[in-house]
Structure formats: C-alpha cells, structure tokens
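Each of the next two complexes has chain A plus one more chain, namely chain B in the first and chain C in the second.
Right after this comes the complex of A and B.
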C-alpha cells in the first residue's frame, strides 16, 4: 500500500467528518423550537430573561460564528456543557464511551467468529450443513435487535438466570457477563448476514480457475481453501464486517436502552428526549466518526488484501 | 505412460446428464508430444480435466485412465495429490484467470515446491529466478516481486510454463496455451514450451484447434470430433495422407500463410459436441461429403489404417477413390505455418499409432 493511498483515504476521512459536523450543527439549530426553551421548561420567560439566556448560550450570534466556536472547542476536547445537568459534555460522553466501545467490541467478535464459521461451513459442506446455516441466516436477519433482546432476556435472564436482565454488574467479569446478551442481540442480524455473504463469496471463489490451478498442482485441500479461496473471498467479507460494525453503533441506541446499559446509545436517546442539544451534537458526531472510521479502515484493509486496488489507488 | 481407454464422460447440466466424451482412447508415451486437435466444443478441455480428475462436480466417468499403469480413478487423496504434483503439469489457456491475482509471481512459481516438497524459501526463490530466466524473462529478480496484473499476458503464460517446469513433471498437459495471447507472441511462447520440454524429455499432450501448430511441434496428432478421436497418426504422415474425411476437411480449410485472416470454411455445417451427435452412427455424418445411409447405423470403430488409426467405415473406399483421382483429397502439404517460427520437429520416437 502506498503512503499516498493512505494519505488520500485519511484526507477523505477528515473531509467527511468536517462536512458532517457542519450538517449536524446546522440541522439541530435550524430545527423548529428554540434551544433555550429547554432551560425554561414549561415557564414562559420574560423577553429580558430570554435574551439573557440566549446571550449566555451564544444563541444571539450568527450560525457560522457559533459553528466555528463549537468546532475549535471540539478540537480542544471541549464539547460545551449539558443544558440539562450543566456537566461538561465530554465528561458525560466519556463515561459512556468505554462501555459502548466494549459492547461493540464483544458484538464484533461474535459477528466475526460466528458469521465466518457458519459461512465457511456452509460453503464447504453442501447439503445438510448448508441448509441448516441457510435456515439460521434467514431467521436471524429477520429478527430486529429489540425482539432478539426480549427473547434473550426471557430465556437466559428470567428462565435460566444466567445473565442479568438489565445493567452491568461490577468488575471485569461482571461487565462481560452483563454485555453478553446485549452483544448477542446486536450481533444476531449481522451474523446471519455475514454468514450468507461469506458462504456465497467462498463458493464463488472455489469455482475460480485459479483455484482449479491450485488443486491441479496437488496442493492439499486446506491450503487451497485458506490460501486461495478464502483469500480471494476476503474483499466482500471485509466490506460486510466493516459496514456491520459501523452499523452497530447506531443499533446501540436500541439495545443499550433495552438492557439499561449506561453507554453512549442510551445517552443519545435520553439527550434527544430532553432536547439537550450540546450532548446530542457530541454523540451524533461520535456516531458519524465511528461510521467513517470503520469505513476507512475497511477500505485500507481492502487495499491491503487486494494488490490490484493498491495500484488503482496509485494511478487514481 | 498415459493411457486413456474408451473414456466416456457425462456432465450434469441442470439435472440431466450431458455426454461430452464418448469412447475416447489415446495414449502418450514418455517424452512424446501428442497433439489433440479439434474444433471448439469437441471435448479437448474435458479430456485434460478427466486426466487430472478435475472434472466439474457430478461428472460421470467410465472407461480407464492409467498413468504408468496406475488407475487414476482409483487413487486415494494423497496418491492423487502426488500424481498431480509430480506426474502431470497443466498449462491453461488463460493465465490471467488461472493464476491467483493476490500473490506475487515468485510466490505462485514456488508454492507447490514449498507446500508439497518443503523446499526452503531461499532455495525456492533461487529456483524461481532460474526458471524465469529459462523461459526467457529478463530481470527475473524484479519479476518475482511483481503481481500478475503488473505483467503482460504473454509473460504470464511464460510464468505458468515455468511453474509447471518447476515441478519437473513427466507429462505436460497444455490446453490451448497460446489461444488467449496476442498473435505476435504466440509463436514465441510455443517455441519456448517446445524447446524446454524437449530438453528435459517431458511428454506433452498439446491441445489446440490449430492443426498446423500441432503438426509443427508434435510427434503424433489426434484429431477429435464430438468427444472422440476420429484419426490419429504421426505428424509427418498426417498432412501427407490424412484418411478421415474430417481431417481432410481440416487440412483443406487451413488458411494459408498469406491469407491467415480470411478463414475459409471448407467443411460445411457447424461442429457438434458429443451430446448432439447421433446416438448410434458416425458423429460426422451430417457434415460429411461421403456419408451414405449406412453411416447412421452402428458407430464406426477407431481402426488401424495406413500406419494410423481412423474412425470411418468407408475409409478403405475413400482411399481408393483418392488414388483414382488426379489430386489427393488432402491438399499438397504446404509448409505448416507455425513451422517457420518454431524449430522443426525432431524424429518422432513413436511412429505407429499406439493401440488402445
């Protein structure tokens, strides 16, 4: 991979983040309902009081200026203060970030391990195994995360009592135990999807002429599958894993709320309902950043596994 | 060394079996080059794939394939791998599709040596550069580090040839190795293949639809039609005295060196595959100028005639006919086109048609 290609991709990443931050900022303030109303709640303020609050929140300044102030603050790690709790946004977001990242990490591992294993098994074993995996994927991609969550809770928390129904117990193992079911709910759809894509990509590769060459040279079957078929199937697999992991961040909104996990997802839902603009801005930006970073990493990995893309990047 | 005996192959196409080889018998002696010539769809590629047990899934095979007396169909997995590794080497038509695009050329060249024979990386690398030099590739040290998409098709086919030579097989199966290449380099690639396999005493089954090319580099030539051999004899004899009406037609339809472009088709009709041929009778009947009603009753056998083997019930009549006419049915042997660019064939080690 050429350094130039990496730089190009990183440049694209920064540009996307900048554009989406503008979009997030302006769309929130252009939405109906003035932000300062959050502070007054049901009371109707005097015009003077309203003006004072607007001044304190810098709402009396033009939008581009406010955006610029906000952006420079963000670049220094200052996302402003919550309009509801008056805590700094970065401390509110920061406390949930670790939790959400570990939830997504556990889900990502589940997706990659189960999805790949099922997909590979289905591709290599036509007949019963393939049919069984196909059934699983058809069912799993049809179950939305909140349905999966309630099914899992009723079986594993209420019936069996293996995992807590809500919240995160203390300690590392407690955390992990608390994250298992939310992670499964998050992973289920993606897992089925990845299994399907892996199966089809591997089947397609197994039919390739160069795989025939490898077999014809007397290479052992496992070498043919690992070095040639699986290797060739990597691009679509990487794409799907990347997109699914990026999508997990959005799905945490539902799953964290359902399981009472104190992460970014639940914070987003709370802040939106409380119209806590600075917090909503920060988490929205984080979600976009997670998505864009996941995409960029995906593209870089693609280029790393496919030499033809590297050259394309060089000549582009 | 290689013996195919009464080989029948049927492939599964949408739940039905479709016959692609029908009673094919052929042999290749050690060090001998045999050309397998036929139009598209006659079953040449399927013959090669049957020899290496690389037929599509669900293929039904009957008849016998022996290599050094061993039954290829009966080999267990390790024996089959060993056979593919050490005994036969395949050169495919389209090197771009048949070489994994994700690995460097050096890795492709040495993969079988490293995986199957445990050759160390340094030794493998040395061997890779030597082989590239042997197939006439300049600056091999740089080439081994390149990826397939970074080099031309002609160079890639030479890489494929080098990879086959690396395994030092006893028999090379070359399936139209130059058809996918630019016309200007076809002759050069054939010449390299021809020279290197002669130097090393490797046998070859050379598949082509170009009869002249086969005549130029092979000891014997087998002409294939609708999944079976219709005539087989030494390359020297074939263009002098072809006996089967199909071979005669092919020789007549050869474009001359001057007019290679405007291919005139001397045989009316289109070639058929085995499954399209009449089930009981000569497959060539509907295109044959000498067909008679009897040709549709009973399939003619591949029988000795004039030091070769011919599959035509009227072969004796036709030979008499040809002699009584002023000019022979086969056009006088114009110098085969490919001969001008490759070395002339050496004395062939196997003159007689080998009995199945």
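Right after this comes the complex of A and C.
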C-alpha cells in the first residue's frame, strides 16, 4: 500500500466519475425529443413560450457550457430543480438517501454475517452441512430480488402478517422492521455467492502446507483456522464482499420499488417514467458514485490485507 | 482443406473418440454418450430443462391452451382447475398460457443481449490479445469504464432517454455485458497467443485472422461458451427485473418479469400468477449457471465434442 498505489487508485476513481458524469449528463440531452416537452405535456406551446422555457432551463446554451455549470453546481451540492415538481433536486434526493443507505447497510451486514457463517461451516464440516450449504447457494444465486420480494411478501406479510408488505413504519424500530424483508431480498443472491467463495477459499487454504504445519506443531484447531487458514482466505472474500455491496446500489432500484421504500432507487424509477431529467441525472450519478467508490475501497482494502501487494509496490 | 492442416494441438488423436464407425444409429448413440460424459448428470438435466423451455417458447401456439391475452372478467382469480391448470389472473387470463407465451420475450431478450455482446466482445478480446500494446490498453480502459457502470443502471438511463421498451433495454445490456465476456476471453487468448503452436502457425505463414478464428478461438471455445451461458443467466435476471419495473417489456404482453409485477393479485392472496413465473426465472437461471460452469470449468482440451478431426489426424 504505497502512497503511489493509493494515488493511482484515487486518480482512476476521479477519472471514472468524471467520464461517467459526462456520459450521464450528455445522454439525457442527446435523447430524441426536447427536454422541455416534459413541462408542456400534451400542449403545443407557442414558439415564444418554448424559447422562454428553454432559456429558463439554460437549454439555449451549448452542451459543454451546460455540463460545466451542472458539474460546478453538483460539486457544491446543487443538482438543479426537478422539472416535474419544481422542488430542488438535492432536497428530493437527500430525503431518500438516508433510507437507501440504511437499507444497503442492513443488507451488507446480512451478507457478511450469513455468507461468511455458511461458507465457513461448509468448509469445516464436509458431508451433510457442506451439501446443504451447497444446495442453498446454488438456489439462492438464481433468485433475483424481485422474485425473493414476492416470495417473502406472500409468506411473511400475507400468510403470517409479521412484516408490512409495503412502506416504512415510523420510528427507529418501525424502520428496522420495514427494512428486514427488503434487505433480505437484496442480500439473498450475494449471500449465496459469498458463501460459495468463502467455502472454496477456506478449503483451498486448509489443504495447504502452512496449515498442515500449524496443525503438526500442535496448535489448537481454533487458532489454526482463525489465524492461518482464514487469514489466507481473506483476499477473495474481501473482493466478493466489496463487489457485492457495490452491486447492491443498482439492485435498490428493484427492491425499493417492490416494497414501496421511499429511497433513491424508487425515486430513480419514478423520475425515469416521468422523464424528470435533472432528478434522473442526480440519482444516476449518486448510484454510479456509490458503486465506483465501493469498488475502489475494496481494492485499497485488498492491498492493505495482502502483504504480497504491499511488497510488490515497495520493490517497484 | 483439412489434409494440409499443420499439426496443431487439435490434431492429436484422442482417447474416448475411438468407437467403431457403425450404423447411423450407433453413431448417434455414441454422440449422445459423448454429450452425456461431457455434461455430466447435472449438466444434462440443466440442458434438458433449457431444451424444454426452448421447445415451449418456439411452439407456444401449439402448447398453450388459450390465447395469452384473452381476458374474461367472469373468470378472474380462479384457482387451479382442469380448465385452467394454473388458474387465472386479475382479468381472467389463463396463467399457464401466459407463462408459455411469456417464455418467448423472457428468453429472446437475453438471447439477443448475449448474441450482441459476444459478437462485439470476443473479436475485441482476440484483437487486443493478438496485437497487445496501445490497441489492447485502449480497449481495456474503455471496457473498464463500461464495467464501472452497473448494467441495470445503464438500462434505466437508456429507458429515460428513449422511453421504456425491450429494444433500448437490450441495447443497453448488450453494451454492459461486453466487458463481462471480453475480459475473460482476452485473458485466455493471451495465454494461447504465447503458446508454441501459434508460433508454429505464424512461421508457416498463416495470418493473424486465420490463426485467431480457426485455432485460438477454437481452443478457447468451451470457455467462451460457458461464460456466455452464465452471462445469459445474468441478462435474463436483469431483463426480467427491468420488465418488472415496467421499463422493458410492456404490460399487456405476456412476460415473466411483467407477470411477477402483478402486486394486486398477490395482495389479494392469489399467489400462483405471481410466484410461478418467478419460479421459472429461477429455474432457467439455475440451469444456465450449472450448464455454463460445466462447459467452462471442465475445459476438456481433448474432448471428442471439440475435436471432430481427431480420428482422421490419427490415421494419417
């Protein structure tokens, strides 16, 4: 983890963010049909009215200038105004951001705890446990969030009535209760995937000579597993956890819509169907940023954990 | 054409291909046995499931008992019966017929995605691996950028630009899946690039296109096919999710993702029209994952299925 490596990764992060912000900004204005049509709806405006609205939305200025204005605004936390509700985009996005982050956080905890536990159990107990976990992982990696959502709702909301089918109840505990099922449907695929990777990585380590040596030296099984086998299996596990959590941000689009959670995922889907471009741009940029930042953090953690990467950086 | 082929690795005689050249039926049986030994029990089941789905999709008109869009409000929300094996939905459409017709859009979409991204990604990877240098680095940078954008988000932005529909979703996902295929193919092709048989072919005056298409691609074909199958599963999940959100296949059309989004039936406790299409998505994805892993993971260098010329070369 030399400073050079960190700088390189951060440089890559900024470049990716800049390029994707350009892509997101220009794509919506290069779309067929003019953006101001959203405001007029079905009416056909007079040329003067159209020109006035275009001026108000700064559409009469060249694209690079608009991009620059937008980007400097974004860096100051100003994402413009919604074309449908005329609220400021930052306030609309801000109210959903916390909800989405807590949803992703709950799902991330579920993934890490369940995935690691299942994977370790399968690696250490060949036979029945291993087979059972294997069955679970092969099924769960094929269950998309929206199918998981309908299965969970049909069992726990409709048959048993334990959790609300849609929406978030008030208060901290209400929030948590409302987030349980969405987080589960979000986590299911990644859970199975992490369990599989953990199992394979741990198995591979357990078969290696340094683990055999540790056992031969008479170290307690617990210590061998924790300090020798798990430690060595960490790099692939960290990669998978990081990538999966990064991927959760895109999946919130589906889960928040399925459960009626007022986060930025649902806001994205709503704004897309309303063609509310400023909101779509803001949330798309936020989701991409979350995805890219999570990826970069994973890479940096990886380098911090894996001494080989560290020494490679030092000798280079 | 084949007689002058240089002794590339695919012209070495093989073990299992030694069966007697008997009757036509005998040859067919041998072929079936070879296929079975290549796929294994799980792979064979997966292939059979997918073949069944394909037959249902192609012959939907023959198998479906009713018109998928024939509504009859008097028959709404019926349970399973002899007349309607899986019951009817909110406006009295036959669920089984909708499932069978729905397999068309649900499978055609991801098939198009994978066809497009393979057609772009594999040549890109081969060219990059062959020439290396600036071409390779440039392509890798662009692919990294695409890889940084989640496919689902790209599709949602496209839906905001061009309006919801299957075509924009397929185009967006095709772009998003290019790096998924081309990264793996590039790594494999680079390994082949430096192997002695490529040098031998180059010395004999064969051009890069011919070596790439007829030798390198053929040697890595199992891996490409396996990766495509896995990508097909992911694309199916993404497209079904987009249809669920109302951004890909549009509502009256029968489609699995659209069918799962029928929240009203579910909240009335009428679960079959929602859960069965979800189950079909899961089964398809599982089958594709199993089959893909089997095809790619085995990597049978000398398998009869990938070595049609083996016997003749041995006789020479």
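By our rule, the second predicted complex is superposed on the first by the 312 of 316 C-alpha atoms of A that agree within 3 Å, B and C clash if a C-alpha of one lies under 4 Å from a C-alpha of the other, contacts with A are read in each partner's own complex, and residues count from 1 in each chain.
Everything that follows uses one rule, which is that a residue touches a chain if its C-beta (ideal position, glycine included) is under 8 Å from a C-beta of that chain, and two chains touch if they have at least 3 such contacts.
Bear in mind the structure is a predicted one, so any value in this text is a computation, not a measurement.
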item: Room on chain A for both chain B and chain C (clash or fit); value: fit
item: Partner chain(s) touched by A:28 [first = chain B, second = chain C, both, neither]; value: second
item: Larger contact residue set on chain A - chain B or chain C; value: C
item: Chain B versus chain C as contact partner of A:232, first or second or both or neither; value: first
item: Partner chain in contact with A:306 - chain B first, chain C second, else both or neither; value: first
item: Touching partner for A:223 - first (chain B), second (chain C), both, neither; value: first
item: A:213 touches, of chain B and chain C: first, second, both or neither?; value: first
item: Partner chain(s) touched by A:83 [first = chain B, second = chain C, both, neither]; value: neither
item: First, second, both or neither for A:145, with chain B first and chain C second; value: second
item: Superposition-derived minimum Cα distance between chain C and chain B (Å); value: 16
item: Footprint of chain A on chain B - complex, ascending; value: 52, 54, 77, 80-86, 89-90, 92, 94, 97-103, 111-112, 115-116, 147, 149-150, 163, 167
item: Residue ranges of chain C touching chain A (in the complex, touch as defined); value: 144-145, 148-153, 156-162, 164, 233, 237, 240-241, 244-247, 257, 260-261, 266-267, 269, 271, 274-275, 278-279, 281-283, 285-286, 289-290
item: Interfacial residue positions of chain A with respect to chain B in the complex; value: 208-221, 223, 227-228, 231-232, 305-308, 311
item: List of chain A residues in touch with chain C within their complex; value: 16, 19-20, 23-24, 27-28, 30-32, 138-139, 141-147, 150-151, 153-154, 158, 165, 247, 249-251, 253-254, 257-258, 268-269, 271-273, 275, 277, 280, 284, 287-288, 291-292, 295
